[in-house]
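Common to both upcoming complexes is chain A, partnered first by chain B, then by chain C.
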Partner chain A sequence: MSKIAITNLNKLYNPNKPNAFYALKNINLSIEEAEVVILKGVSGSGKSTLLSLIGGLAKPSSGEILVNGQNIAKLPDIMSSSYRHKEIGFIFQSFNLLEGLSVYQNILAPLSLTSLSKEAINEKVSRAMSLANIEHKQHQTVGSLSGGERQRCAIARAVVMEPEIILADEPTANLDKENSLMFIDILKKFKALHKTVIIATHDTLFDDQNCIDRYVHMRDGEFVE
Partner chain B sequence: MRSKNFVEYAILLLFKDKNDHLFSFLIFSFIVFILSSTLFISDSLQEDLLNSIKSQPEIVVENTRAGRAYAMHDGFIYDISKITGVSNVEGIVDGYHYFAQKRLWFHIIGDATLAKDEMIIGQGVKNAMAELYYNEEFHFFTEERMIRLKINKIAPKSTTIISNDAVYLHPNTARAVLGMEMDEYSKLYVSVPNPNEVGNVSLKIVEIYPSAKATTKEDAISAVRHLYYYKGGIFMILYVIALVSFFILLKNQISLVYGEKKKEIAILRSLGFCIKDIIALKFIQNTVVSVSAYLLGVAMAYIYVFMFNAPYLRNIFLGSELENSISFTPVIDVNLLFLIFLFGVVPFLAFVILPAWKIAISDMSEAVKS
Partner chain C sequence: MSIFLSNEIIVFLLIELILIVLMAISQVNIVTIVRYWDFNATTPLQYALEKKNYLINTILYFTVSCKVILFLFFIQSLNALSGIVPGAMCSAGVVGANHYGNALLLLKLLLIFGFGLWLIINKLDLGFITFPYLKRKYLLFTLLFAGVLGEFALEILYFSNIPLTVPVFCCSVVFQAPKLPFGYTQTLLVLFFYTIFGAILVLNHMKQTMASFTCNLLFLFIAYYAITYFFGLYIYEMPNHKCPYCMLQKEYYYIGYLIWGSLFLGIFFGIMPFLIERITQKSYDYLLRYSSVCHIIMALICSFYVVRYYLMTGVFL
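For the complex of A and B:
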């Protein structure tokens, strides 16, 4: 059984309005466990929409998305939130950190939904910070960090719950080359940890990386050969 | 039930955005402060007045003519003392003297324990007289003569609620000041030992003297209660108006703030917070804001009323032209405080949760991309 199986997936924005358009058209995709997949395509090709649907942030107009055999397209809010919390780690282009909080407090956010002890929480946060190589900045507020440090903080937060699936939307778009290469190193760590990773990007840096299993090209909401 | 970790994180986020909550915190504290102050003053005055009424005899008789209080002669005392059930009738001399120099009214009260040339005055009277340098003695001017009296002493502060505008004189001196005849009284205090007889005695007095007004202790107590319910009621209406205006403002302000915080809510949603979690988060944050604002408002009101004697606000309740130096007796009605809590904190939470819910249910995928 595939880790993620997408069948006949469509996403229509503004239905029944003059400006209605399909962001995704009849998408079919299977992703195996521990596979690292790159979604390539220009802006507006539907990469981010596909990630949002796989991550349960939005609902498809039709079709199904099976994750571990469960159709997450039909889940009510409480269950899709629980799915995001336990199964998914998001990494966004704009980092999406909680401004005004420290690195440690940002990484703590998903753990606030658990009943873990202080010791267990500290251990998880430390492990995530170590993976993203950001522990030396843990007490600094995120506003004072560089772009690369902010990205590493976001990565630590994405992995703190030890999710099986990592979804990254243009993770290197706001990074310089040095920090982008650092992200590739972290990607290799994900691979070593047997995480299933889907990255939406048009960055050529990801081309010909041996840690990447598959490239999928998108245009106008459809897969292209 | 939310975990301790969740509550702690909600409070962490609250302190991060403390400036966003400052407006609602301060305004709500102020409203609770005003209402609590009003209730504290009202309750304290009621309590003191009721205690002073309780120490009075069972019936107070006043004569009226053309709707105004009118003096009674010795015959009233004789007739009333013959009514079955009456153990004693005491004639009281009291009335008001206009102090033209300060344009104030003094409450003149006869006290047989005083010598004819001395007087005891209340705190407010003392202050008014002192402004015109009457520190040792005071001159009452009547149509016929000037009455010179020594100021014997000042009534203790603990009695200010009833003595602030009072001047205690020997009854005959009081009569001279008030222009009454020597066998006349302003009021009669009628003692009735059997509480079941009070109503009957009161009716008999009115039968004998149809122009007399016999006020029982019970009537006086309910009159005081009505007076303070009326004043408290006006404040309650003002409070409700203020509160409704505040909640409308609060809703607009929270909608604006939460609109700006839409991305933050979207980030939390992407991390696994469900709609219920977002609402719980905002509920916890606003409970902390509203309960602490409530407690601050009540504490400030307590300090303002019982430690600083409610400057400005007390005159609305005391209604005296004289500067009143009354000390309020600390009396707290827990039920009323609970009512303020119920009608303040609960709508507060309802008004802020609605905008949070609206944003939590909106499309998050666009917000996290921006």
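For the complex of A and C:
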């Protein structure tokens, strides 16, 4: 069984309106466990929409998205939240961190919804910070960090719940080359940890990286060869 | 002056009207949802119905909860109306002002139980990914909505027929002509009250849902008369004051809300497991524990007034 199996997936925005358009058209995709997949395409090709559907942030117009055999498009809102919390690690282009909090507190945030002991929480946060190489900045507020450090903080937050699937939307768009290469290093760590990773990007830095299993090209909401 | 000009009735009917409009919108959508629902489908129609289902659930959760709360406001409004209805000293006079009052109150009580059942089924339904009770839940709501429309019509008839120039009968008539069903005496009534109360506790403990359902329905009837015609005398400390409403007033520390509230909740939790079992085919007999707790609270409060009166005076009324 595939980790993620997408069948006949469509996403129509603004239905029944003059400006209705299909962001995704009849998408079929199968992703195996521990596979690292790059979704490539220009802006507006449907990469982010596909990620948001896989991540349970939005519902499709038709079709199914099976994650571990469960159609997540059918999950009620409350279960969708639980799915996102436990199964998915999100890395966003604009980081989406809480500016006024420290690095440690940002990474701690997803764990505050669990019933883990203080020791277990500390251990998980430390492990995530170590993976993202940000532990030396743990007491600094996010507002005082550089772009690369913010991204590493966001990565640590994404993995602190130890999700099996990591979704990254243009993770290097706001980074310089040095920090982008650092992200590639972290990607290799994800691969070593057998995480299933899907990255939406048009950054050529990801081309020909040996840690990436597959490239999927998108245009106008469809897969292209 | 028309009774429709009183603040309580204006507010009450306006809220009722808003809730009915919301329920009517939901009902129209429910017809579409139930007609085309196929959970296994991944078509645009099914996804649209699922979105619509969330919206309707939210609206109904709000409206049904409001209807339950509105019942308390209705009781409070009746009490307030006793100030402008000539001859009425409490809600008894207002309810008995015409022959629609008691029918309306009974219908409201039945609907409250129905809404409670709907809220429980709704909660269970939303607890599963597949919405297993969706159609039954909406069928139940359709029945309740028909009841709500009937209730609204009855409310209009009731309020428009309350005489404001002719004095109505109030507790005074109850003082003079206490009527017990089937010619029961007070002793027999109290005996029945404690016997059925004990039976309910035993049946609830044994998780006999069907028997508890039957006993609770019977107890609703018996307890109403026992509280009004026996325990009420000790609450009011007057041998002829047989009124179910005065105990809701400040003079009696609003104890009526606790007595009637615990009785109705006890009945509600007593009859629900049987009904829920019929709808969901699953056991929810743990609700019977809540039923026992509520009934015990009600019986303790009622008995307390009798014991206290006896200790203070050395006689029974």
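One rule holds for everything that comes next: the second predicted complex is superposed on the first by the 225 of 225 C-alpha atoms of A that agree within 3 Å, B and C clash if a C-alpha of one lies under 4 Å from a C-alpha of the other, contacts with A are read in each partner's own complex, and residues count from 1 in each chain.
To be clear about the criterion, a contact is a pair of C-beta atoms (placed from the backbone, for glycine too) under 8 Å apart; a residue touches a chain by one contact, two chains touch by 3 or more.
Predicted, not measured: the structure shown is a model, and the values here were computed from it.
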| item | value |
| --- | --- |
| Touched partner set for A:Pro60, first chain B, second chain C, both or neither | second |
| Which of chain B and chain C A:Leu12 touches, first, second, both or neither | second |
| Contacts of A:Ala192 with chain B and chain C, given as first, second, both or neither | neither |
| First, second, both or neither for A:Leu116, with chain B first and chain C second | first |
| Dominant contact partner of chain A by residue count, chain C or chain B | B |
| First, second, both or neither for A:Asp77, with chain B first and chain C second | both |
| First, second, both or neither for A:Val42, with chain B first and chain C second | neither |
| Overlap of the chain B and chain C footprints on chain A, listed as residue numbers | 77-78 |
| Residues of chain A that touch chain C when the two form their complex | 7-8, 10, 12, 15, 59-64, 71, 73-79 |
| Parts of chain A lying in touch with chain B, wherever the complex brings them together | 48-49, 52, 55, 57-58, 77-78, 80-82, 84-86, 88, 90, 92-94, 96-98, 100-101, 105, 108-116, 121, 157, 161, 169 |
| Interface residues, chain C side, partner chain A - complex | 39, 42-44, 47-48, 50-51, 54, 126, 129 |
| Chain B residues touching chain A - in the complex, by the definition given at the top | 3-6, 8-10, 12-13, 16-17, 263-264, 266-277, 363-365, 368-370 |
